[in-house]
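Here the chain labels run A, B, C and D in written order, and each chain numbers its own residues starting at 1.
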Amino acid sequence: MSHKVFKDAAAALEGLTFDGMTVMSGGFGLCGIPENLIRALRDSNARELTVIGNNVGCDHHGMWLVLANNQIKKVLASYVGENKILEQRFMSGEIEIEFNPQGTLAERIRAGGAGIPAFYTRTGYGTKVAEGKETRQFNGEWYVMETGLVADLSLVKAWKADAEGNLVYRKTARNFNPMIATAGKVTVVEVEEIVPVGSFDPDQIHTPGIFVDRIVVGAHFDKHIERRTTRPRTENA
Amino acid sequence: MSHKVFKDAAAALEGLTFDGMTVMSGGFGLCGIPENLIRALRDSNARELTVIGNNVGCDHHGMWLVLANNQIKKVLASYVGENKILEQRFMSGEIEIEFNPQGTLAERIRAGGAGIPAFYTRTGYGTKVAEGKETRQFNGEWYVMETGLVADLSLVKAWKADAEGNLVYRKTARNFNPMIATAGKVTVVEVEEIVPVGSFDPDQIHTPGIFVDRIVVGAHFDKHIERRTTRPRTENA
Amino acid sequence: MAWTRDDMAARAAKELRDGFYVNLGIGIPTLVANMIPEGMTVTLQSENGMLGMGPFPFEGEEDADLINAGKQTITDLPQTSYFSSADSFGMIRGGHINLSILGGMEVAENGDLANWMVPGKMVKGMGGAMDLVAGVKRVVVVMDHCDRSGASKVKKACSLPLTGKGVVDLLITDLGVFEIDKQAGRAALIELARGVTLDEITAKTEASFSVALR
Amino acid sequence: MAWTRDDMAARAAKELRDGFYVNLGIGIPTLVANMIPEGMTVTLQSENGMLGMGPFPFEGEEDADLINAGKQTITDLPQTSYFSSADSFGMIRGGHINLSILGGMEVAENGDLANWMVPGKMVKGMGGAMDLVAGVKRVVVVMDHCDRSGASKVKKACSLPLTGKGVVDLLITDLGVFEIDKQAGRAALIELARGVTLDEITAKTEASFSVALR
């Protein structure tokens, strides 16, 4: 087995966590979050964390566990609803939140991983998001300068990996994971299954192994659904 | 069959070409070039073209045909070797060439397709490439500002398409094609095969159909190899 | 009288065209998905990374790995593709989506939109709304004309923090429809809702607007 | 005496480490692929969109859709992945490649590299060289010490247009090896090629350098 594969989530984070570090985590809501690694991050007790991700979990799930354990100092996210502790600590000033438009956040992370220190986007021009940022015109339209983001540690959830670290994601659980995989000084991935090298079609690998430092098969997946919406079986569709 | 599928390359370019237009074309060397669409572009006789792509064909192949037919005014490329007519016309001043580092070119096209008017890169800092461009420091390092690129028409080669325009590329024939597919006001794709909608695994589509306006099955593929390199069968490997 | 939520969604559905790629926001805009005219092909984008969004799953067939931007369980279709958030917003920011239909708190006569925060209240974040209004070719806002106190949400200038500056092309309220010329910064009333008079809508609208009823 | 092309490639191969992701340029650097030490895992990147480059194909098994950045037909391996040029150069620019070994026309004592154009001659373009030297963590240049006229290509300052400014970490020539401190802008001679004396290399080098032979 490759040196990239670790026996459990705690082992996969061993030696990587420290107070004051920046951690990025994949997922959209609770979909495609590295839930086993998040539990290991909580158990690491690293404090004063800056956490970057689209959300910060929701009540009792995902990054909420780290938040509830008083480990988070600052958050960069696009949406933080359904998270009472975060609301309280934000309103009381205990936690700083930097709100990013979702697409700007995604692009900032991609830029960080791709060696691009800054780029311009129309998103947020003329709004609070642009306050304190450089704005300028290209071809008569106004744009805001946004900077690339990197992290000390990236936590990623993929569907399957091989021992080289090649990754495949599943459905909308892909979301922020591929960019976050590229933007960590160290990238740790949890998967549902490790398949033999050569199992993937080389045209169909979402994240090449070069971006992945450590891999672990998640011990337990909750995959909690936030809004279970269905249609009755009687309906014709 | 969908309204996106056209009967041949000439029909697929019908009404889209005009003098003075900007055309982007996928491919690296002769690998993954839209050779049928390039022949149709030659037959369109549109002139004063600005052509954007990593290369401009090589002697007797690919975009060289359009060049030899005196249709090209300006080229943006990263490498133009093995192309005698281009050498002559460049040295004589008949054709303008803007050399772009390969990664900068790829990123400029991606940026154009993604609504990013400009970004910063370390590539080319302190070289001729940076002349006349804004340079600035981020975190103590110097970067060059590069702008996004779009085209009036993008010509793309993919392996397979469905009638919705979902595309899959094959091996290193992918190269510049996915970004070029996003950066054309109109994007026309040639493929080796059109498969029924639903044939592709939705996790495994390289270019979603939203970027594709017209599709044609190429009538004839040369797939000329520039440097045929082999090893003897006697060798153990 | 005025329009119901379904009426407003039905009016928004008239903005659809065959072959359109459309992003629908949460609330009334979501209802538009059920009002796509027979024979028209409209592909729905979900900004969390999906093109070709299908209906809700049958009970017991929910997949935690398959949700829309409102975090509802959904299904896919034969033509569906999945992609990353960066690719999804490249699609949005790059102007590849034809139409975005979303809700609003306030719309100003110049096309400014506010729909993400109220000062003093908990801020949940803008999600993808700022990217959508900045990037999508045509932006349609659907919202109630007045707030619960009866004050106009169709303003001379937004009082709430903006989601986008000069971004709204069409505003559909329960009282009528306004077309906004973003370049000129002016609104025109083009339709009245069922049973609504010009006098009534004028009385209930803070914004100035021209009248160009169709 | 001095080193042959194979000797220079062998010396460059000593820069490889287990687990490294490496990009090899055209010419002598390509030879390094055959000199990966037994038991060491090194993954080769080809900047046209491939990680995990295999050997040349057997005759008759060439695939026009599978070439390397030198446009040679190649093969893939069980661990290979393919990706777009944008993703490939994201990998390069983002500092994910451990080592780039490439050729040069001139290297200056401060780490400047020139290897893409000669004024007055046909310019073919820089291809991916500027991106590689700007983005890869460690850049090793392999080139002849002197040109055909005997003039030093190891310069005080490059006379040819630059490929990158302050980018070379290690220079391997047929006469020896120089380590370059890019921050300080200084070169140090750390090895002499077989049969080459300090006097000889000093006489044939325009650049100033300290001597720190190992």
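Descriptive notes on the structure:
Everything below uses one rule, namely that a residue touches a chain if its C-beta (ideal position, glycine included) is under 8 Å from a C-beta of that chain, and two chains touch if they have at least 3 such contacts.
Because the structure is predicted, anything quoted here is derived from the model rather than measured.
Considering the contact criterion stated above, the chains in touch with chain B and with chain D alike are A. Ranked by how far their CA centres sit from the centre of chain B, the chains are topped by C. Rounded to a whole number, the gap between the C-alpha centres of chain A and chain B is 33 angstrom. Averaged C-alpha coordinates give centres for chain A and chain D that are 36 Å from one another. Centres computed as Cα averages put chain C at a distance of 54 Å from chain D. Across the assembly, chain B contributes 107, 110, 114-116, 121-122, 169-171, 174, 202-203, 206 as residues in contact with two or more other chains. Residues of chain D in contact with two or more other chains: 76, 82-83, 89-90, 92-93, 135.
Taken as a graph of touching chains, this assembly fits none of the simple shapes: it is neither a line, a ring, a star nor a complete graph. Checking each pair of chains for touch leaves A-B, A-C, A-D, B-C, B-D.
Within the complex formed with chain C, the residues of chain B that make contact are 3, 110, 112-116, 162, 164, 166, 182, 197-198, 200, 202-203, 205, 208-211. Considering their complex, residues 28-32, 54, 77-81, 87, 90-91, 97, 99, 101-107, 109-110, 121-129, 159, 169-179, 206, 223-233, 237 of chain B touch chain D.
Chain A meets chain B in the complex at residues 107, 111, 114-122, 138-139, 141, 143, 147, 168-171, 174, 201-204, 206. Per the touch definition, chain D reaches chain B in the complex via residues 46-50, 55-74, 76, 82-86, 88-90, 92-93, 112, 117, 122-131, 134-135, 161-166. Contact residues on chain C toward chain B in their complex (touch as defined above): 19, 21, 43, 45, 51-52, 76, 78-83, 89-97, 135.
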